[in-house]
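Labels A, B, C, D and E are assigned to the chains in the order they are written; within every chain, residues are numbered from 1.
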Amino acid sequence: MAEDGSTATPTASATPTEEPEYDFTIKGIVKNDGEPIEGVTISVEGNGFQADTETDAEGRWTIGVPEKATYKVTLDEDTLPKGVIVKEGGATRDAEFGQTKNVTVAFFLGEGVRVTVSFFDQLVQRIVSGLNFGLLLALAAIGLSLIFGTTGLSNFAHAELITFGALMVLTFGVTLDWPLWIAIITSLVLSAALGWSLDAVIWKPLRRKGVGLVQLMIVSIGLSLALRYTFQLFYGGSTEQLPGATLPSDIRFGAVALSWVDLVSMGVSILVLLAVAFFLLRTRIGKATRAVSDNSSLAAASGIDVDRVIRIVWVVGSVLAGLSGILWAYFRPGVSWDMGFQILLLVFAAVTLGGLGTAFGALVGSLIVGLFVELSTLWLPSDMKYVGALVILILVLLFRPQGILGRRERIG
Amino acid sequence: STGTPAPAESESPAASGDALPIAEGERDLSLPLGTILPQSGALAFLGPPEEAGVQLGADDVNAAGAGISVDVTYRDSGDTTTDTATVSVTDLLSQNVSAIIGAASSGVSKTVIDQIVAAGVIQFSPANTSADFTNYNDNGLYWRTAPSDVLQGEVLGNLIAEDGNATLGMIVLNDSYGTGLAKFTKEAFEAAGGEVVAEALFNEGDSSFDAQISEVTAANPDAIALITFDQAKIITPALVGSGFPGDKLYFVDGNLADYSKDWAPGLVAGSKGTLPGLDVGTLGDFTDRLKGVDPSLTDYSYAAESYDAVVLLALAAYAANSTDGTEIAKYLQQVSGGSGDGEKVTSFEDGIKLLDEGKQIDYDGPSGPITFDENGDPTEATIGIFQYNDDNTYSRIGDG
Amino acid sequence: MDWGAIFGNAVVELISPTTAAYALAALGLAIHFGYTGLLNFGQAGFMLLGAYGYAIPALKLGWPVWACVLTSIVASVIFALILGIPTLRLRADYLAIVTIAAAEVLRLVFTTNTFQDVTGSANGLSEYQAGLLQFNPFPPGRYGFGPWIFDNRVWFFLVIAWIVVALAAVFTWLIMRSPWGRVVKGIREDEDAVRALGKNVYSYKMQSLILGGLFGTFAGILFVLPRAVVPSYFQPSLTFFVYAILLLGGAATILGPIVGSIVFWVLLSFFSGFVARAVEAGWLPFMTQVQAGQLRFILVGIAIMLIVVFMPQGILGNKKELAFVK
Amino acid sequence: MTNSESATSAVLDPAATPVVEVRNVTAGYLPGVNILNSCSLVANQGELIGIIGPNGAGKSTLLKSIFGLVKVREGGIFLQGEEITNLKANKLVAKGVGFVPQTNNVFPSLTIQENLEMGLFLKPKGLKERLEFVTEIFPELGRRLTQRAGSLSGGERQMVAMSRALMMGPHVMLLDEPSAGLSPVRQDEAFLRVKEINKAGVTTIMVEQNARRCLQICDRGYVLDQGRDAYTGTGRDLLNDPKVIGLYLGTLGQDD
Amino acid sequence: MSSEISPKAKPVKTTGLHVGDPVPGVKKVDPILVADGVKRTFGGLTAVDVEHVEIPRNAITALIGPNGAGKTTFFNLLTGFDKPDTGTWSFDGKPLAHVPAYRVARMGLIRTFQLTKSLALLSVMDNMKLGAKGQSGENLFRGLIPAIWRKQDTEIEAKALDLLGRFKLDAKKDDYAASLSGGQRKLLEMARALMSDPQLVMLDEPMAGVNPALTQSLLDHILNLKEEGMTVLFVEHDMHMVRHIADWVIVMAEGRVVAEGDPHSVMQDPAVIDAYLGAHHDADLGATDTEHVEAMKELIDDEQ
């Protein structure tokens, strides 16, 4: 086939390398099954103008035209390699200029079979990422659930505890450039300190005053607002990345693609959740936690230092939230001032779904919410992806008003 | 439907005959401007470059010493969740500003447009792309320098096809900006012979984009266009991390930014993007001067459009020899070159010189050629094509 | 610093239609939460239905005002029924999450691009006021007295809004003094006990949900009349702010929500004006203009906290109740 | 009806050491409303004190103020000579004071066993023997150690509450109506155990509406009325005092 | 405090209530409530398993039994607060299965709760008024117009005041119910139940925690109610009270009805004495031996 360059026509000469004579150009590319074809003749005709050219090694061609109008672009099928034909759209197409000086006409030949991911593989992939997301939610949710369980407080500022963990890693790991693991440990320690001081400065005095739970909830909404915008004040409105968060990596198990971040975050989540379970079921403080949540004045009458237990719960809950924030920052990936707030509703949904105040319920609820968020867009438009999870929440509570693991209280 | 109104309707500027004469007399004008740009809320990352653009514009006007000085009052637009904008506008109106620059989000602009326009004050948005404003009952007081979706979409669609991509996936922000730009990109790409095989939308405030990414990659497109704002910072690493080639992405003005500090080197090397506005060569030191105003800037989205808004307002006020909003509005179209067949100028000082001579002007600023139609919408733009380097910075490789 | 302007702008909020709309929404919550003990965190959903229920028929079908209002009412009653049938059996805190979820589902449905033609998607709808404005008795122009200078549209909306608020307040006052109110308050305390006394608790809760929801619906209409409607107004934070207003004023009071709304908006405006001017005047040298916008929210957040800390029962609430909160 | 009027009937052994002493305590819930009005009470080492009185007299309030759950406004409370006024409840537990409240006296979501373990929170040693000890008294509980307390019947809850206190092994025990809701046989059982514990050296103060039973076993009784200690005397004396019978005991228990 | 206790020497007992031998499930001459095969299990535990029981009309029936016998659960089932696994029961001839609790109450069957349910932030008076039935102002629309319900409300208030006086709660009528003592709550609970003039009132341990002298005067009130035609079914552990006013006694144990009869004969039943009343029940505890003192001492010494 035509090995040499382009052939000038009487009306116009246009080679890709030459300066086009005209202001306006028609460009294009010819590819067969993804491979460019060289030496295909393309001609342009219209508005009393006619020109042709041949594609270069990359399959590209350019023809200058004198004015904006509609032109006929024809691919000379004889110049195609044997067996290749133009199917879709035919060998002649119209090129119409819009607002710009260029218009593109691309010829994509051949079957061009796109290997799309099968529904089943998509399902598997999404189940895995749903579980991953669910575990991560669980870390955040258990902290919330513990705090709710012991103090009855629906803490809307929990979102900011999540954000805080990630922001601290950003500060120490990126801005101050400390080694990542030191940054993470520092961040967790600071999360603990934040939990400790929030309880010391705000919640304990309010408990002392005997302020009602809904009032406390409103305080937490105010706190959430203040903290969130404080974050924005210091960190601005844009998204940042943690060290290593954007390293491309691609580990495949069959249809499932995972990054190391996914693996680490799943591992950490599972380990931490087991530790929390052990803490609650086996340790004395864990049992005291549940006792305080049931009846704090009776707990005091049993010799439990209620304030200390609540303090511990705040610290543990904040560390879990901080940790989930860090993992969340790697999972998304990205750190921003409102990252926690964006998933707060999901965290609450998870806690509620599982049964308010039950730590294991929070785990189950989180997994369900995680799965539904990821899976529902197989059927729903993707901008409604939270709808699936929220509708499930409503439906489950219809049949189990006390949540999946919650218990009904006895009457009378 | 969304998107910037097709500028085609008013492609040929009105004849010079309907241009008003430049007002006579000495100029001693003090032009009070207000801004409602996002300082807080979900769009807060857009605020700093926009406010820097406004400030730089005001500085340039004041530095010209041409008998017109601009005084800017900055207020927050928040986002639509907080209803901050109405409070800010009440405040600005009580200070008798002639024009209010903002808001960034079409939703917020809608919230306050009636309030502003009813007070006879100009609303001038550097970023709104919603079609609803074109024929809005605004007494001729709503203007915008926002880049045209139609143009950028066409350039982007053609570019993607020209690069030999037969199929395209899109991840799109569900608002007027995202869906408008996506629509025109899709039209252009399909007209060029390609096929859009997946389009996943997400909402402002969404936190992770896994579902969108797997929806789009499942269709296995040759290229993916990200029509988003800041969210690209999150989507891109996740997308490349899931195995999609990092050189097959296309960015737009909302997210074409310097990511050298954010991403692992080489993550998107070879990927391309479009950005309205003039070449750095033509622009001169515009970005450096912005940095002079706000050294912490990393991103310049809509800075040029904001700058041009101030300069156009000042030129129109100068031409009208008035600081009354309605009077200024009468001259905005003609100083932009939309009527009056004026002479091209690219800076405030040049414009003033010609106006002093009583000549009509046609101002084109750092955001590119600006020509308003009678609805106050821009009809022209230069769209640059950029490509990412190994260090996640980008360089201009041509014009669309 | 221009204190006159700061206070002037703050005082404007005293009577602005937005203040009235929030007051009405809060009054609805007072019925739900303050009197019946229903922790409805989905008030934003009711407001959304009011707003869109009015705007869509007005804009897309050109219906007259009364038909649009009726559409809103029907939509929100249906929503209340759908929401109430499964959820009124739930414990208060479960109800809170479910109602947030339901309101979010609504918002997402109105945001999705799928129904763009009807809902306008994320861009929302505008210019649906024409039908109402034809009844505007105020002559065109911008006028008023003192700091209250509005254009004739705003005057009209403002008058409508406060009339509706006043009617709603009288209605609530009447109903809460009646035996109906007593039953509902009993349900707040212990629904099993009330059930044992032969009251159909479920039906009362439903009536209360619908009633408060309707107030929310009207509030939604009033809120969007002077502006446009976009779905992102109706995020959960809207409900949070309305709750803050309710508790600020006093949960189980009639005038509390109104006073709360006024205080909230006046404070918000005051903070806005003050912080922005303080930065302009160089009082806060370490702060940029952009940060000023954020500082205001920090102050609002802190103010909400302080109000609850120092006035847990709200401005008009009964202090004695506090001794018994669980 | 003041203390002085009735103090004569109380034979206080001058050699006895007071373990718990309530001196002219004034306390209440709402600001400005005092429920206890200058109320005094003494419990000596090893004594079993019963408190009876009409509903709303302030009996529970008195126990709660000893235990630091209601704020004492005036006067003082002493434990073995040491002032413990308004000390936090868990501090008092550490000092060996145990308390069974009148209502809400179990942890509903904990199992019976966990409820009982809470009694031993401060000294988890010796769990097994004690568990055996209480399940012998209340065999119902022994059979259902893993049932959640929240699902128990009223009487079963009361048993759990009693047992929790018994598990504590305190030096001073404050019981608020421990027998309410128990079946007669369990009531008798409960009273006998209280007596035994007391004999074993635990100073006990109990509030009871089952006044006859209570006064039968206690060393001394106090009758409280309107926040004051109206009468004191030995249990037997009070039981047979016609005034006390008329006002508080009624004749129901005698008429058959 | 003044004493106004003038107990009737012996209340008049209603007799001849049953047909045939007083065995469990015996037929009554005029039953108001009949339950058949009512069974409720919680997991493995059978809380209630009543084959057949009838409650006589216009009499006072006591339901007694050891703790955990299923008395409260049975109450819950009868009044629609809980659903049985199987069984039917009827009130006044009307079947009650699947009838919601509030309807049961409207039919004239009012119950009280063992663990009191006072409406904490309502005044004592409002608590009482809530108990009254058939209030026209409880309809949303009629409630709007005070003229419609004002008169009825005044009557209700007078009645409530009267009852509160009897229950010694009149001084507290304007206080929040939350500020009542444990015993006062019991009293309020009972007084509130009586506001609706029920046909059958089911009291769950009404006198637990109530001062004995007051109990005595309240019993007289209950006897008056019987004279006015009301039927009373109550659970109680205070045998003096049962003996004093009950016309009929039903004994439950482990969910079943194990004995029925008039108070005196039931209390002589060795099985009842053994399982329920205990050996000491008529003895003076002060004189009873204490066997465990040594064991106790040991346990306590452990600590030191």
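One rule holds in what follows: a contact is a pair of C-beta atoms (placed from the backbone, for glycine too) under 8 Å apart; a residue touches a chain by one contact, two chains touch by 3 or more.
None of the values given here were measured: they were computed from a predicted structure.
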item: Of A-D and A-B, whichever chain pair has more C-beta contact pairs; value: A-B
item: Central chain of the complex, centres being mean CA coordinates; value: C
item: Mean-CA-position distance for chain B and chain A (Å); value: 27
item: Chain centre separation in whole Å, for chain E relative to chain A (CA means); value: 59
item: Between chain B and chain C, centroid-to-centroid distance (C-alpha), Å; value: 34
item: Chain C and chain E: spacing of chain centres that average the CA atoms, whole Å; value: 46
item: Touching two or more other chains - residue numbers and ranges from chain A; value: 229, 232, 381, 383, 411-412
item: Touching two or more other chains - residues of chain E; value: 72, 81, 113-115, 179
item: For chain B, residues contacting two or more additional chains; value: 38, 40, 44, 47-48, 174, 201, 203, 205
item: Residue ranges of chain A in contact with chain B within the complex; value: 27-29, 31, 34, 36, 58-60, 89, 93, 96, 98-100, 102-108, 112, 114-117, 122, 125-126, 129, 133, 229, 232, 236-241, 244-250, 257, 259, 261, 331-334, 336, 338-339, 342-343, 373-374, 376-377, 381-383, 385
item: In the complex with chain E, residue positions of chain D that touch it; value: 29-30, 53-57, 59-61, 102-103, 123, 125-126, 129-130, 133, 140, 151-156, 158-159, 169, 177, 180-189, 191-193, 195-197, 199-202, 209-213, 216-217, 225, 235-236, 246-253, 255-256
item: Chain D-facing residues of chain E, complex; value: 1, 3, 5, 7, 9-10, 42, 64-69, 71-73, 114-115, 168, 172, 179-184, 187, 205, 208-216, 219, 237-241, 243-244, 275-281, 284-286, 288, 290-293, 295-297, 299-300, 302-303
item: Residues on chain A engaged by chain E in the complex (per definition of touch); value: 411-412
item: Touching residues on chain C, where the partner in the complex is chain B; value: 5, 8-9, 12-13, 16, 18, 108, 111-113, 116, 120-124, 126-127, 142, 147, 151, 153-154, 226-228, 230, 232-233, 235, 237-238, 265, 268-269, 272-273, 276, 280, 288-294, 296-297
